[in-house]
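In what follows, chain A forms one complex with chain B and a second complex with chain C.
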Partner chain A sequence: MKIISTKDSLSYGIQVCQRVVSSKNPLPVLSGILLKAGDGTLTVTATDLEVGIECTLPMDIQEKGAVVLPARILGDIVRKLPDVKIVMEVNSQNFNTTIKYGQSEFNLLGLSSEDFPILPSIDFSSVLTIKQELFKNMIKQVIFAASSDDNRPIFTGALMEIGEDTVKLVATDTHRLALRTAKMENNGFELEKSVIIPGKTLNELNRIMTGEGEDVKIAFGENQIVFELPGTKLISRLIEGQFPNYKQVVPQGCKTKIKLKTKELLEATERASLLAKEGSNFVKITITEENMTISSNSPEIGKIEEQLPIEMEGEETQIAFNSKYLIDVLKVIDTEEILVELTGSLSPGIIKPAEGQNYIYVILPIRIV
Partner chain B sequence: MKQLTTLLKEFEEKIKSLSEELNSLQTRAYALEDENEKLRKEIMDIYQYYLKDSAAVKGKQTGSKQGIENLNRLYNEGFHICNLHFGQFRSEGDCLFCRSFLEKR
Partner chain C sequence: MKIISTKDSLSYGIQVCQRVVSSKNPLPVLSGILLKAGDGTLTVTATDLEVGIECTLPMDIQEKGAVVLPARILGDIVRKLPDVKIVMEVNSQNFNTTIKYGQSEFNLLGLSSEDFPILPSIDFSSVLTIKQELFKNMIKQVIFAASSDDNRPIFTGALMEIGEDTVKLVATDTHRLALRTAKMENNGFELEKSVIIPGKTLNELNRIMTGEGEDVKIAFGENQIVFELPGTKLISRLIEGQFPNYKQVVPQGCKTKIKLKTKELLEATERASLLAKEGSNFVKITITEENMTISSNSPEIGKIEEQLPIEMEGEETQIAFNSKYLIDVLKVIDTEEILVELTGSLSPGIIKPAEGQNYIYVILPIRIV
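Take a look at the complex of A and B:
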């Protein structure tokens, strides 16, 4: 195998794939990246058997072939190469690889590509097409609510529910829940389907989507999902199991309804959280006709109290939230104002953008007695 | 000689990490035993309640009321009562699914 490339092109392909390579994998071949030179294209592939990324780059191919190179060191080398013409040549007998740049060269021991797993191919007959920008936004607004506890795998992913003309993304860690709905007319998808996508996959996808007017195509296999972007394909296993009925968790109706500026609440909460005690980490919110008071108190350090102007309907109330859960959601809501709906100090609260019905965040209060 | 010392060092580190793992497993086992004990007690309690209940032959409504009370008590003592993790210890804070179940009643 012999290819001629620019630094940027090679570096891009390797960067896209490198992140899924797991350093802890027992199979040595999986700690590498597969480079495969075909007709005028170089295909870069990496996988940890959960997630796989394949990136196809147009390239000057002198001689076809394939090799597996250690991911970490390859990534480091390519990133540090000078911006000159790069020639990569692989000995087809022992897979020793020479990377030539200018007057210099770098030798790297490679592995045979035969042991590298083949990413499963998936039937693309039924494909869901979404604008990258929209899907990126959906992931951003939901995925932070997923759990990181591997003992409960279902909650480490997000539920994707495809209906007739909507696509929903839901994530929860049982303390809070984020639900994003997108209207999708003529999405080209005829089935109703719901799958649980691992959080890691969505984070990776979010990283490689540029979000500039292009589409992402989504296809489903038996227990797999494929996201196809121009030049890049991401395949992931789905999480098996039944996602809990999230609809029962979303409270219907409320006793207190307030409207306020997103940014003001975010900043006040961030300041108050500085004093929130470690561990419980809560901020107290008191709502009266005139305003909202956010306070937090740490006996050994001090206390803070902030007042924000609000528009309020219904009963006055008092409630305490985990400041992290509050900050997380305020960071991803992109409207200027939000609605907060509460029903007493023990029932879950709802936070949603003031305009539009496409996002709901349910958050459990902390009991303060 | 140098090689031997590095080898020894590596060996020592390995042993250290193994013993750490053992420790964490031990604490986990203790925690699980604890939880098991608690759960056993709970079951006994509930069973006794149930026995009393059936002995008194109360109406259906009071029975279900008692059930909800029991669930409420279980939840307040720190266990999940939702169908997802029924009987498991709630390690951190409230659970949305348990709460929604209790509130529905």
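Take a look at the complex of A and C:
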């Protein structure tokens, strides 16, 4: 194998793939990246057996072939190469790889590509097509609500529900739930389908989606999902099991309805949370006809009381929330104003954008008495 | 005590002082910041008993007084305040402090200022005056060579030597030594003086010096040093003991003299160090009449060999250095070209800017045979 590349091209391909390589993997071949030189393209592949990324780059191929190189050191060195012509040559007998740039060169001991796992091939006959920008936003608004506790795998992923003319993304850690709906007429997909996608997969996808006007194409295999971007494919296993019925969790109706500025509530909650952190980590919210008061206190340090102007309908009420759960959602809502819907201090609250009905966040209160 | 402030003014004063507050301090009053409202000024003071910072701000003082407030939480909240008028009022009986902004307020339990240590007052009759920009550069070029090992306190500081018409700053961790000299005619200081300043002090000073055309004034007390900037004073203890005789460490003359581009050597060494890190952490340098070769290898991963064009006088030679020690100095030399002076593979090497004789870096070789 012999290729001639620019620094940026090689560096880009390795950088896209490198992050999925697990440093803890016991199989040496999996701590490597597969480079495969074919007809005018170099394919760079990495996988940790749960998520795999494959990046195809146009390349000047002098001699076809393949090699597996250690991911971390390859990435580190290639990122620091000077911006000159780079020639990579692999000894087809022992896989020793030489990378030449200017008067200098480095050599890496490579491995045969034979032992590198083959990413499953997936049927692209039925494909869901979404604008990257939209899907990025959906992931951003939902994935933070997933759990990081691997003991309950279902909650570490997000449910994707493809309906006749909608695509929904839902995540919950059982304390709060985020649900994003996108209208999708003619999404190109013929079936209704429900899958649970690992949080790690969606985070990696978000990282490699550039968003600018391009589509992401989504297809499914046996317990697998693949996301196809121009030049890059991300394949992931799905999480098996039954996602909780989120429709039951979303309260219908409310007794108190408030409208206020997203940024004002975010900043007030952030300040209040600084004191909350020292104590039991909750902020107390009191709604009167005049305003909303957000307060927290720490007996040893002091207390804080923030007042915000609101538009309000219904009953005056009080409720307490984990301040982190409140801050998380206020950071991902894009509209200037939000609606907060409450039904007493023991029922879940709802937060959603003041305009559009495409996002809803349910948050369980903390009992403080 | 009662003051009216802008957010930026209060936030600036607290932020300048806050970093010296040690979170591990067993005395509660030392985890606080002293605020003292006097005639038209607020003085903010923090100290860990080794370093103290005092920042004086013009302020609308409604009522004089003083209070000690918990440093971290005060800093965190004030930084997040909205950009409105801020009113701080202290109850002179129990030191409870209320900070009002818009419709909101927070309360902190304060402490009496009586237990707060008084920073030593220092005689400003003999003062050394240096441009901040120059002194910042001197610190940057020297302090990284100090040791972080508290068991040998002398090496954790930098020697400042004030001569008739020079000021020198020297630091060494016994593996390498950095020496910066500044010509200082009429520096305003009448005595010759040698002191060892803690590395932490110089790092804090570097952080608060803005550099833009202003001076820093330096004065000395009994085992104390004070740096005065407009509006801010930094007082520090000195390190007691005998600094090694750096003049003996700097080799006189050399057998091989090389001139090359600073940036080229830095980038080549950074690449080589990536492989060196996996092994014994050194890079090997080979000088021939044609060029310099920098190489390193890791038996399990591979090897790297960089070639750089040089101008060379004297003998061909080989030497090995800890790659970190080489990278550190190449990052702080501002000139386009450097001189490297060597005398065989067992004697210390010298690195210095190709122009100007105000900086010299001595680095011990690693025996590799």
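Everything that follows uses one rule, which is that the second predicted complex is superposed on the first by the 365 of 369 C-alpha atoms of A that agree within 3 Å, B and C clash if a C-alpha of one lies under 4 Å from a C-alpha of the other, contacts with A are read in each partner's own complex, and residues count from 1 in each chain.
To be clear about the criterion, a residue touches a chain if its C-beta (ideal position, glycine included) is under 8 Å from a C-beta of that chain, and two chains touch if they have at least 3 such contacts.
The shown structure was predicted, so the numbers you read here are calculated from the model rather than taken from an experiment.
Q: With both structures lined up on chain A, is it a clash or a fit for chain B and chain C?
A: After superposition on chain A, which the two structures share, chain B sits beside chain C with no clash.
Q: Now for A:Arg367: first (chain B), second (chain C), both, or neither, which partner does it touch?
A: A:Arg367 sits against chain B, while chain C stays out of touch.
Q: Rounding to a multiple of 10°, what is the angle at chain A's Cα centre between the Cα centres of chain B and chain C in the superposition?
A: If I round to tens, I get 100 degrees.
Q: Between chain B (first) and chain C (second), which does A:Pro353 come into contact with in this model arrangement: first, second, both, or neither?
A: A:Pro353 sits against neither chain B nor chain C.
Q: So, A:Gly32: does it touch chain B (first), chain C (second), both, or neither?
A: So A:Gly32 meets neither chain B nor chain C here.
Q: For A:Thr174, select first, second, both or neither according to whether it touches chain B, chain C, the two together, or no partner.
A: first
Q: Let me test your reading of the model: by the given contact rule, A:Gly52 touches which partner, first (chain B), second (chain C), both or neither?
A: In the superposed model, A:Gly52 contacts neither chain B nor chain C.
Q: More residues of chain A are touched by which chain, chain B or chain C?
A: Partner with more touched residues of chain A: C.
Q: On the A-aligned overlay, A:Glu267 touches which partner chain: chain B = first, chain C = second, or both, or neither?
A: second
Q: How far apart, in whole Å, are the nearest Cα atoms of chain B and chain C in the superposition?
A: Superposition on chain A places chain B and chain C at a least C-alpha distance of 13 Å.
Q: Show me the chain A residues, by the header's touch rule, that chain B contacts in one structure and chain C contacts in the other.
A: none
Q: Which residues, counting only chain C, touch chain A once they are in their complex?
A: 70, 73, 76-77, 80-82, 96-97, 102-109, 267-268, 270-271, 274-275, 278, 291, 300-308
Q: Which residues of chain B touch chain A in the complex?
A: 82-85, 92-97, 99-101, 103-104
Q: Where on chain A does chain B make contact in their complex?
A: Those residues of chain A that touch chain B are 152, 172, 174-177, 244, 248-249, 251, 322, 347-348, 362, 364-367.
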